[in-house]
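Note that the chains are named A, B and C in the order they appear, and that numbering of residues resets to 1 at the start of each chain.
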Amino acid sequence: MENIIVTSLIKKTMKIGPDIQDLTLEVSALLEESRIRQGVIHLNVIGSTGSLTTIEFESGVVQDLKDAIERMAPRGLEYKHELAWHDGNGHSHVQAALMGPSISICVKDGKLQLGTWQQVVVINHDNKPRQRKIAITLIGTR
Amino acid sequence: MENIIVTSLIKKTMKIGPDIQDLTLEVSALLEESRIRQGVIHLNVIGSTGSLTTIEFESGVVQDLKDAIERMAPRGLEYKHELAWHDGNGHSHVQAALMGPSISICVKDGKLQLGTWQQVVVINHDNKPRQRKIAITLIGTR
Amino acid sequence: MENIIVTSLIKKTMKIGPDIQDLTLEVSALLEESRIRQGVIHLNVIGSTGSLTTIEFESGVVQDLKDAIERMAPRGLEYKHELAWHDGNGHSHVQAALMGPSISICVKDGKLQLGTWQQVVVINHDNKPRQRKIAITLIGTR
């Protein structure tokens, strides 16, 4: 049985961070198109002020996660990054590094192995709107 | 040399969160069964109130990690999730999203590339006991 | 098209934690050597007091991330791990578990799918200098 490797890219227009957007539809469409039945999907955000995780994509939880991210690395603090660069996004870099750039979701019987109330999300932590790019590699058998 | 892809599932009965359980024996058994010598094992928790990481699975560290998780997103705060759903687990969703749903461990010479005092653990963050499911995909050569 | 699987190891001499070092050159060299064009690179730190993420490897951001890591699990707290082991690194274990042991970076057209200002870094959280080992598995097609 031949293994398939497919690479792709998802682009997402995002607001000033922390902004959280659902990628599950795009990821599911790529999986379907690949016709992979057993395997795994790898995603990593391109750029050092974005991150990836999963949550129940419900407006309350989304706001709660934004609040927790702000508590971990608040905008108001003095960041050393600012002393050299003055671009006002020291907190964005720290938040993104703490959250992590990549997740991998297993695939079985052609389906993402996620819970019903569990969505794949990208987070823009930057202090300006960004078109975030997410690199994808699907690996599996048909 | 043919690449092997094997999918599997681990189930773990867990207490009210944060509860932390060691998966290393189950993961090692799946690796042995697959007869993969070089490759990688991917794990992701199914459900938005669980997470995966590695720690030294020693009762002191386990308690210290629980304490740190509670500090990041304490139960006592006002969570927007509660306003709509009233299920008392706003902190569980936030904790799980911050920790992340997936890890991948490399395999060399048929062995998990972990330290002696480093175990694979699943965390139940939910405010009720759960049977947590962890999706697994092993990829490699024999 | 045959899939290639290559395993490797990067070693990094590191200072007392939190110490953050750039691995991007080493990872890029392994990718080039493998001649993989489409696929993914998996990295996991070996040992329970290390972690991996990506950041803009600039001295200001590096210091800001160290400060945030210390805020999440400060050295000064009372850790249960200390009561049994007295090795003074309770905070190291907690920090590493929160950050996570593994990341995966997609590969397209022979290139790591990272931003220009986004580097792969290993973090030593331990309270003594360590030679950190990072396990690598590359999977892809040439």
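Going forward, contacts are C-beta pairs under 8 Å (C-beta built on N, C-alpha and C of every residue); 3 or more make two chains touch, one makes a residue touch a chain.
Note that this is a predicted model, so its numbers are computed, not measured.
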Angular offset of chain A relative to chain C [C-alpha, multiple of 5 degrees]: 120
Copies chain B and chain A - interface residue numbers shared by over half, same or different: different
Computed distance of Cα centres, chain B from chain A, in Å: 19
Sequence positions of chain C contacting 2 or more other chains: 3, 72, 98, 100, 104, 139
Residues on chain C engaged by chain A in the complex (per definition of touch): 3, 38-40, 53-56, 58-61, 63-65, 68-69, 71-72, 98-100, 103-108, 113-115, 117-119, 139-141
For the chain B and chain A complex, residues of the former touching the latter: 3, 5-7, 9, 42-44, 46-48, 72-73, 79-85, 90, 93-94, 96-98, 100-102, 104, 135-137, 139
